[in-house]
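Below, chain A partners chain B and then partners chain C, in two separate complexes.
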Partner chain A sequence: MDHKVGVFICHCGGNISDVLDIEKIKESIGDVDVIEEYENLCSINGSKIIRDKIINENLDRVVIAACSPESHEKTFQEYVKPLNPYLMDMVNLREQCSWVHSQTSDSFNQKATDKAVNLINASIEKLKVSEAVDPILIQTTESAAVIGGGIAGMSAALSLAKQGIHVYLIEETPSIGGHMAKIGKVFSPVKIAEECGLCLLNPVLNEVVWNDNIEILTSSKLIKAERRAGSFNLLVEKKPRYVDTDKCISCGDCVEVCSQEIPNDWNDNLSYRKAIYKSFSQCYPDTYVIDIDNCDQCGDCKRTCRMNAISFRQESEMIPLEVGSVIVSTGHKLFNPDLRPEYGYSRYDDVITQSELGRILGVNGPTKGKLQCLSNGKVPKRVVMIQCVGSRDIKPDGHKYCSKVCCMVALKNANIIKHKYPDTDIVLCYTDIRTPGMFEKYFKHAQSDGVRLMRGRPGEVVKKDGNLIVRVEDTLTRKFKEIKSDMVVLSTAIEPSEGTKEVAKILNVSQTEDAFIKEPSPKIKPVMTDVRGVFVAGTAQNPKDITDSILQATASASKVSELINDGIDIEPFIATVDNELCDLCEECVKICKYKAASVKDEEIYIDPMTCSGCGKCIAVCPNNAVQINGNIEDKISATIKGILKGKKPGERRIIAFLDDVGYTSADNIGVNRLTYPESIHIIKVISVNRVLPKHIIYALENGADGIFIGEYPGDVMYDEVENKIDKIKGEISDNNIDPERLTFSKVYIPYFTGLARKFTEFDNRIAEIDELAK
Partner chain B sequence: MKNVPDKNILLFKSCLVSVEYPGIESSTKYVFDKIGVDYHVDRAQTCCTGLGHYSDVFDQFSTTVNGARHFALANKLNRPNMVMMCATCYAINKKVANILNNNEEVRDEVNQVFDDCGYDWMKFNKGDLDSRENIFHIIDIFYSKRKEIAKNIKYDFSDFNIATHHGCHYCKVHYGDTIEGIRNPHIIDDVVNACGVETIGWYDFKRTTCGSGFSQRFVHKKHSLTVTLDKLKSLKENKTNILIHLCPNCHVQFDRYQTYVGDKIGEEFNIVHLNIAQFLALAMGADPYDVVGIQTHTVPVEPILKDLKPLSKDNKDEIIEKVSYKVDLDESEDFNMEADTVKVEVNETN
Partner chain C sequence: MVEKFREDSLDLEEYISHNIKSSKPKGLLKCVQCGMCTSVCPAAQHSNYNPRSMVECVLEGDTAVIEDEDIWYCFYCYTCHSICPADNSPCEVNQVLRQIAVDKGIADDHLIPFLGFGDSFLNHGIGGIPENFFPEMKEDIGDDWWDFKTHLDDVRNHLGLDPVFPSEEAIVEVSTILKSCGFEDRINKIRNHHKDED
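Coming up: the complex of A and B.
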């Protein structure tokens, strides 16, 4: 089919026209319907020229030879309307031509001008095979699921609800509240005081409970999750409470008659509760619940209940939910102190964790807030705290990271003890005290309260003559010390909860090497995960304090809101499956590194939000049922053909295939006015994986002197491509071409000087090969 | 548990064993024969350099060349599973294997030495012998054969208070390879359990070094012996009769110096020191002199033997049953742990 092609060349106010001979370019391009030049195509006047020509001359393909598409592609896609945006192509005459090939004295740069012609020809050839494609706009469902009802989850749910988004708050235990409900006092850096945690939590909890946009699902667990474009289909299992929340009036008569005594996990097992219980007095739902695993179903409670609220016949309920986004706020657990047997946690009653000390100091705890040794009920004369138990620990089972909050937690508990029991001596054995920002003031406050500090990580805790002995080297004085103590408190590391690991698996979200939820770019994309629409908040992401958890929760709620209000614009060049040809062998599902392919309703489903268009699935499909929209392979072939058009004897043309990152890096070379040889012709590709051996061999056989492939090593396809290169080199040799004419390189956006140098080196290398070939 | 071999074993002789307590080697052979382990001791073997290396006499390169020669020997004999009686041989050879496999430069230099001497067959190629797959301590073999050990027990040690001392060079150098406890080493305790005896378990200073520190015993004698004394005192507090070792150097430190340090502070310890192989051999009914070689010990072993009772058939059956139950349970737990590791790896590649 014949197309009407128009070429528009921009002077860019001299940026382009001072170096390139525009007249010569116009003469050299044959066989197009319109060639126009203008000093600033991106201006309003420029838009008029383009639009008039398109309408008057019936153009159906438009080449804009101007700056980098990175700067103005969106502008020109707008200017060519009503032409389909993908029937316009930009030639980068500025960043990748005039700016990198310097002006030779007063005259134009001839070689660069020739290169400009090649690039424009390439664009024309590419457009000839291009087809109109529509961008995909995805709208997400206006609801969200928040998994985990701790402070992070509650804050996220509340923020979403206040923005008018319907939220399901899913909590595994019988009550929302999380760790914050049980830590007793919390530290406040500004006030230099400890505040009641539950008093701060209660208003939040109440707001969550009263907000009509929040549906709270307690005793509930995520069982399954499926992704479909803008939404997630979740399956939640709600376990029975055996107590009807509508009927129970929380009188507590049932507790009186229950004969089962079970360690109370809410009090870190330091006290006992009954099999029918409420985890804490302000819990929600504010009704009793039966711990069925520890219940002998004697029926005493049922007979006592005046409201007839108890029934043993309740069963688990499966609740399907459809939501637009998911926030993972599944929290943490604490390092198992038995993994450091030298501290004797299981051997000695008075070796406890900071969490247990928090319960002991809590007025709603096992001792009603009275500090006492668990072995004899006496107030300890000396307490030794050991920091970094399981944190900053490179030994087996330890965590290399710092748990971030333990210094403050230890100082807080030390201060509380000092205020109530000024005679109790406190020695804090630390690795380094980490109290950044305002927390430093709190640290000084603890020191002035008389909390003693010793820099050293204790080696052992032993019992001698009824006393605990902490053996430690004071690393500041290099003296070995044995500290006699009545109580030893271990600051155990924060590690991801089992729930965090389970949910990550169900939602197919990647985890860090420490099994926390992984952010694809922790620096610039916090709260995101590698699954679009899934966000993370709180200690599920890494150790942090309450304030940071709330900040993250609110940030992730904003991200959910962005998705709902703005929708998601997706490049249409993604995989499609012809169901007539597909026999559901699932090879594509297995090979997809982006996890975009899955089986839904007996068909292969490609999630448009996840597919990158890398084309890996095309290669493995035995029935050729997979295609990528926008015939990219043909476009690459056409572009190569265009670049190599009219090659003169003795001339050197090298094609560089670069991915997004490489292309931006190449633009940076121009922006910084570095140079590389005119022989380098850059082609931008969605994924380097789409450049096939046949493209490379075709190029080399039809005049290309060298092929340079650049890919960002952070791309999930990187290893794949790197491995493929050797194979392709073999194929090149089979075609009697020197395999050295192909090179593969890592590219990074900031490393543009390196890329310029690599271009130059490769050009030299090709020149040597040409010399040898003669 | 990792895969511990029982065939194609080259039992690696130890200088300290041969010179100080030859009964450890004969006991090991005695026990290996009983529990069905295929081994061979070779005349062409030399010292691992360990003692000299840690006393700054041999550098790492000489040690590496020497190690490479032993690996070549093991492969030539088709006995690539090298099993050590000494914790230092264990740590030294593992380190050498890691260097030879991972450091190309050193490997080339070592091979150049062999080239220059005309010993082509000794050259090391990457992967010829793997630290984790091929180098073991006798305790690993005993541990993997707990069921067989239980079946061969003839004497009852359960009336004695038995403590264990795990050598640093077994537990603390290549702890990625150590089985059954790094922070809380208990592999010897588990093997002793297989004889129907409960050890005293954890005691103060259980994880501490014996104090020898190779040259430290001589250049910082007081410091070295203070460490030994700390441990002896704690053992005495726990009323220990027998301390079981897996390293001949620790064995020397305690057995040879116990009376010496006791005299210095005017205290008697009366703790008998046995290598785990010697202990097993005695429990299996080996001759105390011809096999176990107790005549080479400084602290007399005879008082223990005097009180030793034969094991009744009923007790033996009970032990066998208990040990098989425990071994099977451990193995099923290991299986679960393996599944966990795989899961983590999958996550990392995501």
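Coming up: the complex of A and C.
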């Protein structure tokens, strides 16, 4: 059947048209019905051009040669309406052409222009065999789980609950409240005065507790998560408190009789608590809990309790939850100062962290708010603060990023000390003071309070004649200083908590190279993750202050609400089963590594959210009852054909098949303006498993010089594909082609530099093979 | 008075970056002048040597730093290298600066203490701590070190290893090479020039 094909080329405001010769592209592409170019196709005007042409020229296939589908596929699927969204295909001229093949001074990059033509031809060929398929719309369950009960989690839960959504707030420790409860005083964007953290937190905490839509699960941990249709099936383990929360009246008699003394982690281990304890007086649930690992089960507390609330026979409970969305607000932990031994944190009692200083200055802390040295109980005459401990630090275990809040934290604690103890000298050693926006006023306030600022990063803290000595160069006066001090306070970096890393793994959410939760686009999708229905809030995503955490929490709650009201669109390229042919042998259920197939009401049910379209089930079905929507195999063949069209002698064309992860990684190469050879032509595939030996051999026999296959090792099909490669290499040899022309590689989103290098190395290798073949 | 802004400030930086022997990614341009290097530098505590300010000069393209006598106080302990949070290596920058000074012929005096290393190559065929350092080292490290040093070949023999020094034949070969390439002449020239000045 003859199709009417339209090609629309976007300049992307010069991003594409500065490097690629658009005129030449228009002249060189194959026979199509319409070729248009425009400055910004994604604009409203762009949409008019596309729609008018489709209607006036009766186009039934549309190529959009612009940016990555990751940025604008949804936009253009909307713009081509009423054309079926899968009869539109995007050619990635920006991320995978103009951004990776640099501009040669003044003139266009000819090789990249040629490549652009090949990519557009590939898209045209692919569209010619494409069929209209309808996206699958899934409605999500009207409930959500918020993991982590700190300020971000509580704010998100409240916002959801007030929108009528049922929320499970899951907290690992025995009480909700998080870091904010123990900070003491907090800084605020517009006020010079520090406010009481707990006083700001309490109303939020109470509201969370009182709201009927919120179910709080403390001492609880996410163990397992499974994505099913419009919902997540979560398994939560609730650890026993050994104290019945309904009976306990919080009288505290049990604490009196407990003989165990354990460092109190809520006070950063600066004081002791009993084995039966309450984290802090305003905690929720407002009852005691037994730290069973440190309890000798003597039974004294049980005998003393007049409410008979204590029982050592309580056991862990497994709670299954079904929710539509998940918000990850699992927070941060602080950099371990022992990793910078030059500052002597473990060697000297009076070298402490800002967090510990926060506890010391807190009225509910170990010294009831009295500032004192831990070694001798005296008020320090001088306090030296050291910034950037573990932040902006490229050395092993350090973090390259700035932890964002430590300048304000240090200034806050310095001001509090100055107000209460004006005679204490404070020296703040900094690399750069970062107090953006309104915080600058607070910085000026600290200066006028007499806090001394020293621009220099101290190299070490030593003890001389009983005094702590901080060695630092005052880089502004260029003088090397040894500052005698009674107390040294380290501003340690913010890093992702263990919970953040664990939950990311369980939910299969990508992490950044620093192990924070990663958003698909930190610029324009700041609360999303790469798993639809999972959102992130607070310091689980990156270092931020309380205000920003609340902002992000409420934003993520809105996103959950959007999903509930609007549903989720799913790509329809999944398995379908012809029930007439199926005899319920369940071979597909057994073989599916994604666990997408199951038996439901005497029929095979394929879960659309779980099925990856890998096609493994097609091969095992004895009755040929399984099919994958959208004739992917034909499309791959057609795409290969298009890429190889018009290959000139001496030219090198390499085809790289990449899965979703590999494709995003390749986009990142462009976003970061790294380069690789123009010979690399990328084809995105739903699953690498769908690339068959016949595709590879067809490509190699018809002009492809090399085949690069990239797959994310976390994909459950990875091992299978890896094993298959050797077999395919054998088949290639049988066809008298050098098997070294096929390569298989692991791909990861953050390691785009590695992918760029591998592309270049493979291109060199193929050049050598070509040389030998001559 | 307004000081002239150097238009070509990165020339010196580029030269140094391309001559640095560090295998790690280079951090010279990433230096934020935090001064951590100076605060740990043992030479900075006892002299006017300041690694941070040396790097500052390099980044500003101030070639006067090549003639700065203070750069010769660094003794390559590499503490600055191991602590720099930006992955810069002031001591390696220092080495390149010294090489430039040597090449310009303005640093012969500073090479005198190193001549012993050259002698070691000429006389023993391998590099090693110059013998004139031994008495002081014996005092600093102790008799055990000296005992180990003098019996090293016995220990190596016991472990099935060859002697520390290469064969006479090899020594002659190395020293022939060093003589014919002008190495010995260069050493003698520096030494004699120094004596003449005395």
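Criterion: the second predicted complex is superposed on the first by the 435 of 774 C-alpha atoms of A that agree within 3 Å, B and C clash if a C-alpha of one lies under 4 Å from a C-alpha of the other, contacts with A are read in each partner's own complex, and residues count from 1 in each chain.
Heads up, the rule we're going with is that a residue touches a chain if its C-beta (ideal position, glycine included) is under 8 Å from a C-beta of that chain, and two chains touch if they have at least 3 such contacts.
All values derive from a computational prediction rather than experimental measurement.
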item: Overlay on chain A: chain C relative to chain B, clash or fit; value: clash
item: Touched chain A residues, chain B compared with chain C; value: C
item: First, second, both or neither for A:Asp432, with chain B first and chain C second; value: second
item: Touching partner for A:Arg347 - first (chain B), second (chain C), both, neither; value: first
item: Chain B versus chain C as contact partner of A:Pro458, first or second or both or neither; value: second
item: First, second, both or neither for A:Lys395, with chain B first and chain C second; value: both
item: Chain B versus chain C as contact partner of A:Pro380, first or second or both or neither; value: neither
item: Chain B versus chain C as contact partner of A:Pro189, first or second or both or neither; value: neither
item: First, second, both or neither for A:Glu473, with chain B first and chain C second; value: second
item: Touched partner set for A:Ala515, first chain B, second chain C, both or neither; value: first
item: Listed stretches 19-27, 145-153 or 325-333 of chain B, narrowed to the one that overlaps chain C; value: 19-27
item: On chain A, positions contacted by chain B and by chain C; value: 342, 395, 460
item: Complex interface listing, chain A residues touching chain B; value: 339-342, 347, 395-397, 460, 462, 464, 504, 510-511, 513, 515, 530
item: In the complex with chain A, residue positions of chain C that touch it; value: 27, 32-41, 44-45, 50, 52-53, 79, 82-87
item: Chain B residues touching chain A - in the complex, by the definition given at the top; value: 175-176, 182-184, 202, 204, 207, 344, 347-348, 350
item: Chain C partner contacts - residues on chain A that touch it in the complex; value: 342, 388, 392-395, 398, 431-432, 455-460, 471-475, 478, 480
